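Heads up, the next two complexes both have chain A, just with different partners, chain B and then chain C.
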Partner chain A sequence: MEHLHLEHVLQTVCVLESVVLRSFGPEGGQVLFTRDTGQAMLSRSGSRILTALRLEHPLARMMVECVLKHSTVTGDGSKTFILLLASLLRMIQKTACKEPNVSHTYNSRETAEASTARHLADKMLAFALEELDDIIAMGVVPYGCCLSWEDFTAKTKLPACTINHCVQKLLASFFHSRLGRTHCDFISNLTCEMLTHWKFKRDLPSSSLQFVNDNFAALHTPVSGFPISCSRLIEGQVIHRDFATPCPQTDHQPVKAVVVTGCLQPKLLNAGEVLVLGCGEQGREENSRKESSIVQFTAWLQSLGASVLLSAVKQSAAVLALAAQAEMCIVECVSEDELSLFAQLIKIELFLFHRYVHVAFHDSEERVTVKPCSLVICGTGEGQTDQYACAFQDAIRMLLSTWKPIGITATTASKKTFQPDKSTCLHVDNQIVKASPFQQYVLEPGCVIPAGGTFEFLLNHALLQHGSSCSISDDTIMGVPAVSQLLANALLSVPRHIYSYSLRRFLQTQTRLLKTDVSSVQVFTSDSGLESVSCKYQLLVAVLQCVSSLLHVDTVLHTHTALHTPSHRLANISWEGTEDERNTNSILTSFW
Partner chain B sequence: MALNGGDEDFEWEPPTEAEMKVIQARRERQDKISKLMGDYLLKGYKMLGECCDVCGTILLQDKQKKNYCVSCQELDSDVDKDNPALNAQAALSQVRERQLAAQSTAPSQAPGINEGPSSSQASVSVPLPRPEHCEGAAAGGESSPASTCCPISFTSFIPQTAGLQPVLQEAEEAILTKLRWATNQLQSSASLESSIQLCSLIASCANSLRSLKELSQ
Partner chain C sequence: MSRLVKKSPSLCTDLPLGNTDICNRLHLLRQLLRSCIGPTGRLKQVHNNIGGHVITTSTSSVLLPAISSSQPFINLIKTSILNHVSRFSDCGLFASILCLSLIEQAKQSGLRGNVATSVNKHLLGLCTSYLQRQDCGCKVKLDFCSSQSLITLARSIISSKPACVLTEREALHISKLAVQAFLLTVPCNNPGIVSLGKIVTVSVEGHSVLNSAVFPGLLVDMPDVFCLNKVENLHSNPMCMVVFSASLAGDLSDLGGTIEVHPGVDTDSQILDQLLKLGEQVVKDEVKLFICQKVIHPVLQQYLRSHGIVVIERLGITLMEPLTQLTGRGLYVLNPGISVLSSFGSKTMLHLQPPGDSAICTMILCHRNETMLSELKVVCQKTEHVLRLTLREPAALLGGGCTETHLASMDKVTETVSVLGCSQTEYLRGVEGFCQSLESVAAALQHDGGNSLMDLTHAHHWSHPADVMEERMEDSSGFCGCGLVESSTNQKWTYLNTKYPQFSPAPLFRVPTVQPRVLDSFTAKLNALQVAVETANLALDVRYLIQDMN
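This part shows the complex of A and B:
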């Protein structure tokens, strides 16, 4: 049994930070992954790097799991997560060491520090959940602008700095940080095109993003051996299986398809067995039974009137042969995602593509909801292609998070009157309408600000102002002023690392931002790209939750079970298979 | 809620200036350790769930299943550099300190050796200044002034060079032991880092021996 000290937590997170720092920021490098098989891959993705590390330390694994969970939702920010985590833990430790919290008596300094740290983390989390969105709405949002989904997918001809251009800029800066400078514009254009195709006219904008995200596996086809610039969109759906039986020529005529999820009859014939019809006396009955069932089956197939059979499972050789005879083509082992996507779309036209089945859909006159299209992603190697595919999906998730409304809680909603006006939204001529001084600031979804540490600089300033404007009665380290100051200082570590190559640049950017007048903010002329306020907010809250969980771990119990598979929840690491069940209740909870 | 109930109350006080320096130095060392561990993790080492028994750093394991502690095996030890038995510089500084102590006690002893115990007590109780960042050395070194002060006080009438002899011999022996150890380690060392450090240790041992020889002359 190992009693956990603040030092252990800090050391673990510092190690992960040093790993992640090398790839962080626009000047960050890439990590070369090599396998024993000789396969190599370059990546800058934080989650990929962290997953590739061999970590047996329970705290480290817990941290990595938090990062992965977060990046599954927002698609981005894994490295920033670790940096913020390290920075917060350091600040908490420094504060806990310096200031006494003498309301309790403790056994030792370590226990005192641990308890202070724990309470501090809880206070910060509570502060973030209650007040942070207001502070962001007041101090950060005015420096950005709001992108509306409708404008994004509008097909009108607009001048250079338009909404569509802005979403592309948002995507481009995402791809730039993930994949490098060279192809980020091309890939972001492709993503925009795909999303435009999949826009559901009558539904909420986020539902089409959600649809693309949920069905992404079925909506893209990775193809290795070609440069990324060969990637393109093709109409229809690509089913990632070849035909099991020869496909008849259809001449682009509509065909009927049948989807089956189970094994079809007959199972009477095994592979390699030869059925001789009309043979001698021996086995005649057996043969005739088989013969009749085969004839029945063939008749049934023909009665379907279908030319294509999509099967979720592998069919027997007999079925394949009979289907071929009936001039039906079968595609076996189609994945569940693809089948479900297929089932949502109607009326198919069939033709071949590479070694996959490409299904194109007719526009039905009554219900033109969406133009199905599939993304073909090319990459030089398998690993690289997989990376591009992941980057695409993460971009979709990032967009989803951007438009996710930040929770206005019941208490805050009652506190202020919600004024739904559009003055914070961008107009096509790129003028940001001045917000009236009496307007209530609301953290609207779709808000973006220039990248490059802007969010952190602005929030740092806003938090410091908030802290100093609070009543001075609460002067302890657990008071709001102290907590907001701690958070503000911890936030600065991110731009510090971004501008690690030049302290001057750091100071210049900070000064320029804080001197900028809100009304004269030009979001789109900055070269630094855009990032989503909502994603940053979610990141910050997730980091604070992780800090709180980490500091609440009191003891680590090492068990003798086998190593956990990745699907196991790490939070239960001390709960599984312990020999002494009586002690499990006290392991991961705080004693205070 | 203290675990041990009503045991002595621990009155928490903020760290002093000296302790802050210790904390700062320790933090820098921790940063170095973290960076090294990050390097190793990227090379494919595994981060274990165990800590080193000696220094408490998280252990790494290489692909040959050998455990490796970055701070013990690669960085200079935090406390070893102040332990005279392991470090030539510390030995020299201890020698100098004792010289100072001998000089300060010799005049006090001169008036009357008949005063005996009280003055020798006084000389024993003179606290020799210890280097700041060396809890281990402080613990390890505390006993030695007490044990060696007595011979100094008894031999206060003897000229100082003679009084230094046992001390110098002790230091020389310690350095020679260390030299021998370093040579052995160097022969079996596989890491470039540690070989370089061992060579520099041998060089400083040689320098210390030279200085001791000069002192004894």
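This part shows the complex of A and C:
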């Protein structure tokens, strides 16, 4: 049994921070891992780094779980998560040590501190859930702009129009943080191009993003040994299998394909079955009947004019031979993902690729807006293509959550119903938000703001103002002013790390931002990229939730239960907080 | 259950490129690879600790897999280069030396990591766009009307592998064969999409290299000396042959389940009856040649032979593919063909050649001993691949280090330094490191203590033996590395990796009679350049190293 103190939590998060910091911000780089298998992995993605650490310390694992929970939804923000977590915990500790809650009687100073910290965390979370969205809407949103789906799909057609670069910029700063500066423009252009091809005209933007997200495994092909600049889109779908039988030359003529999911020739004998050979011709007849049935089937396929057979399973040698005779080519063991995508995009036109089957589709009227295309991701090694593919999918997730309306989250939705006056000023406008000091702003889906700490600077300012505008009577350390000030200060650690190489830049950016009048903001001329306000908001709430759940744990029980007796596991023992201690055999040593 | 071992903590290194141990290892790797490059490169012997096979080589594709290191940096670079080599077969050493030099130079320049990578990326962009330009000074258009430049290209690859131990004459012979074989695999009578054929390589040990030869069609081993007298039968024209991919051994092994046999049932004889029925049919169809990928039942073999049929069994999967291409599609193929018996030393082979164009050819490689032969085989396969790449992009780059010096002296002034996020001085320092890395690859070609120089008019690469004094340099008549520029009295030189005044290389006035003597594959070198810079950038971008020590 081990009692947890605030210092333990802080220590743990500081170690995570020191790893993550190396890949954070414009000066950040990659982290190179080697597994026990000798396999190397290179990554700049916070969630991948944290997962690869394979932590044993239960607290650290809890933090990583929180980060992963957040980043699988939004695809972004895992490094910032750890930075904010560390900074918040430091602030809380500082406050709690200064003024341990003296109104109660505690048997030790530590317990008093822990209690104060816990209360503070709860207050902050409550404050964030209650008021943060309004503060962001008032203090941050006016400096940003809203992306609209049309902007971004029109991008390739109207390159001159500046607003259309918004999605590209948003993606570019995402890829900057994930893959580094050198490739971010190239990859973000490629992503935009791909999404433009996959745009469903009549549907919502999110449905098209969701489609690409769901089918991403079937939609990309990693190729190693080439520089990343060779990555490109190719028309049609790539099926990641080679032909099992020789492929006839088709000079761009339409071909017909048949998809089979089962074995065409049932096995004579399956494993475990017993074949009894007696006298007579019975067995042979059975076998020849089976054989003649495939002959008939192939003849039928031929009469249909099918020349390609996509099979989900491996076919027998006899089937391959018959198909080869019928000049039909077979592709075996096609993965389920690829077949389901194929089924959604039927009607083939042309063919052939090097080692993989490459299918292109005939244009049909109902699908004029969608141009099926597949992404070829090149890299110098498997690790790199893997990294690019991950970043790609996370970028799509990030876009999805950018467009997700925030009002949907349970807490704010319920709050909106209690305060109906707030919804009166809803205006949906896909233009740049027109700045006017009297206008009330709401957090709209698709809102973006310049990257490089802008969000944090603005929110810091807004929180401080909010705190001072509250009634002065509420002057305890648990009061709204104190809580919002604490949060405001914690936020500044993010830009501080972004400008870690130059304090001057930090101060310059801060003063420039705070001096600018909302009405004169020229968001779109700035060189820096963009980031999504809604992702930032979700991140902040997630971090506060994590802080509060971390501080609710006060003891770690190390149970030494043998693995084969699950009934002895102390699964039903829980303590304050609901942290189920699964780490049965863990030794309280962390990885460093 | 009780074997849960306490995990040992991972080893973490912060800013690994600042670590002297890691830097020393990278430097060592660079020295090792540097000593291998080029026609006068030094050979390396690879042997494992359990007394296995000893390999003598200087080829990156053989050498790099043999280098095993616990250092993840070395593995990172190694896999990148090997991936490149598996795609392009050439320029592996160029890419690895350039990559390692770039890392070293970036460290020496003291630039911030991100500045070094963006400058490298920018310069790479300049180089690749220059190489793809029509008026690129170090690119040669390949002319398919004459085999001359193809042979030069092939010979540059073959002579850059000293482990083959070839004389000048032998190297030329092999280069000519390689080009001949390559040309045979290009089908010429069907327009539209063509699929290239295949070269089947057969190696014969203990003969002179000059006995190596290329044959159109396929040569198949004839282990069965009893068939020799029946080969006369095969001269009928057209000839019927039958090819089986299924086993004709008559076993039931691959069925899966269990088989129970009733007493009194003789499965073996039943199966044999079926096989003999097949044999009867074959004899009735007047088949002259019977080939099976797997084993043929001895009774069936005997039956077929007694009817004057030539039987070849256990052909193997590697020969099946070209054989089906040669004979047509499918398994039960009866195809006209001509066959001749050719004899190579101890081997007797059946030569199958269809009457038309088949795009399949067989290359017989001879060499004095096994080690040299295996290296020669690897080199010939690489040459074939590189020659194929010329179909995609019919161009070649000047070899002998001239492309590297040319790129290094290229004008790299840019107005848009601010986009790279660095100052003018930082940019110039980055440029210097990049150019020095390129020059150091050219200089690596010199192994005998001689001097590597660059002329200040065309920026070609020159090497001089160590004993030539500087003042007498003008007298030593000769050509530059690629053989396009002849030395003249008014030429000025500079040593490589020294400071020289900025100049832009003058375009070369090409005399049609002077052909480059050394050419490098354009496609492979372009990719190698990109892979090298990208890998170096990746390595420079690593800020933290975590090694699982379990």
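Here, the second predicted complex is superposed on the first by the 435 of 592 C-alpha atoms of A that agree within 3 Å, B and C clash if a C-alpha of one lies under 4 Å from a C-alpha of the other, contacts with A are read in each partner's own complex, and residues count from 1 in each chain.
Keep this in mind: contacts are C-beta pairs under 8 Å (C-beta built on N, C-alpha and C of every residue); 3 or more make two chains touch, one makes a residue touch a chain.
Please read these numbers as outputs of a predicted model, since none were measured by experiment.
Counting the residues of chain A touched by each of chain B and chain C gives the higher count for C. Shared-chain residue A:Gly479: touches no atom of chain B or chain C. Of the two partner chains placed by the overlay, only chain C lies in contact with A:Ala321; chain B stays clear of it.
In the overlay built on the shared chain, the residue A:Glu56 is in contact with chain B and with chain C. In the superposed model, A:Cys97 lies in contact with chain B only, and not with chain C. By the touch criterion defined above, A:Val556 lies against chain B but remains apart from chain C after alignment on the C-alpha atoms of chain A. Of the two partner chains placed by the overlay, only chain B lies in contact with A:Cys14; chain C stays clear of it. In the superposition on chain A, A:Gly180 makes contact with chain C only, while chain B stays out of contact range. Of the two partner chains, chain C is the only one touched by A:Gly28; chain B is not. In the superposition on chain A, A:Ala112 makes contact with chain B only, while chain C stays out of contact range.
Comparing the two complexes, residues 19, 22, 31, 53-54, 56, 591-592 of chain A contact chain B in one case and chain C in the other.
Interface of chain A with chain B (complex): residues 2, 7-8, 10-12, 14-19, 21-22, 31, 53-58, 60, 97-102, 104-109, 111-112, 556, 558, 591-592. Touching chain C in their complex are the following residues of chain A: 19, 22-23, 26-36, 38, 40, 42, 52-54, 56, 180-182, 224-229, 246, 249, 251, 267-279, 317, 321, 324-325, 327, 352, 380-384, 501, 562-564, 585, 587, 589-592.
Remark: chain B residues 1-4, 7, 9-10, 12-15, 23, 30-31, 33-35, 37-39, 41-42, 44-49, 51, 56-58 touch chain A in the complex.
If you check the complex, the residues on chain C that touch chain A are 1-2, 4, 6-7, 9-10, 12, 14-16, 72-73, 75-76, 79-80, 83-84, 86-88, 112-114, 117-118, 121, 190, 192-193, 195, 245-246, 255-262, 264-265, 267, 324-325, 329-332, 421, 527, 530-531, 534-535, 537-538, 540-550.
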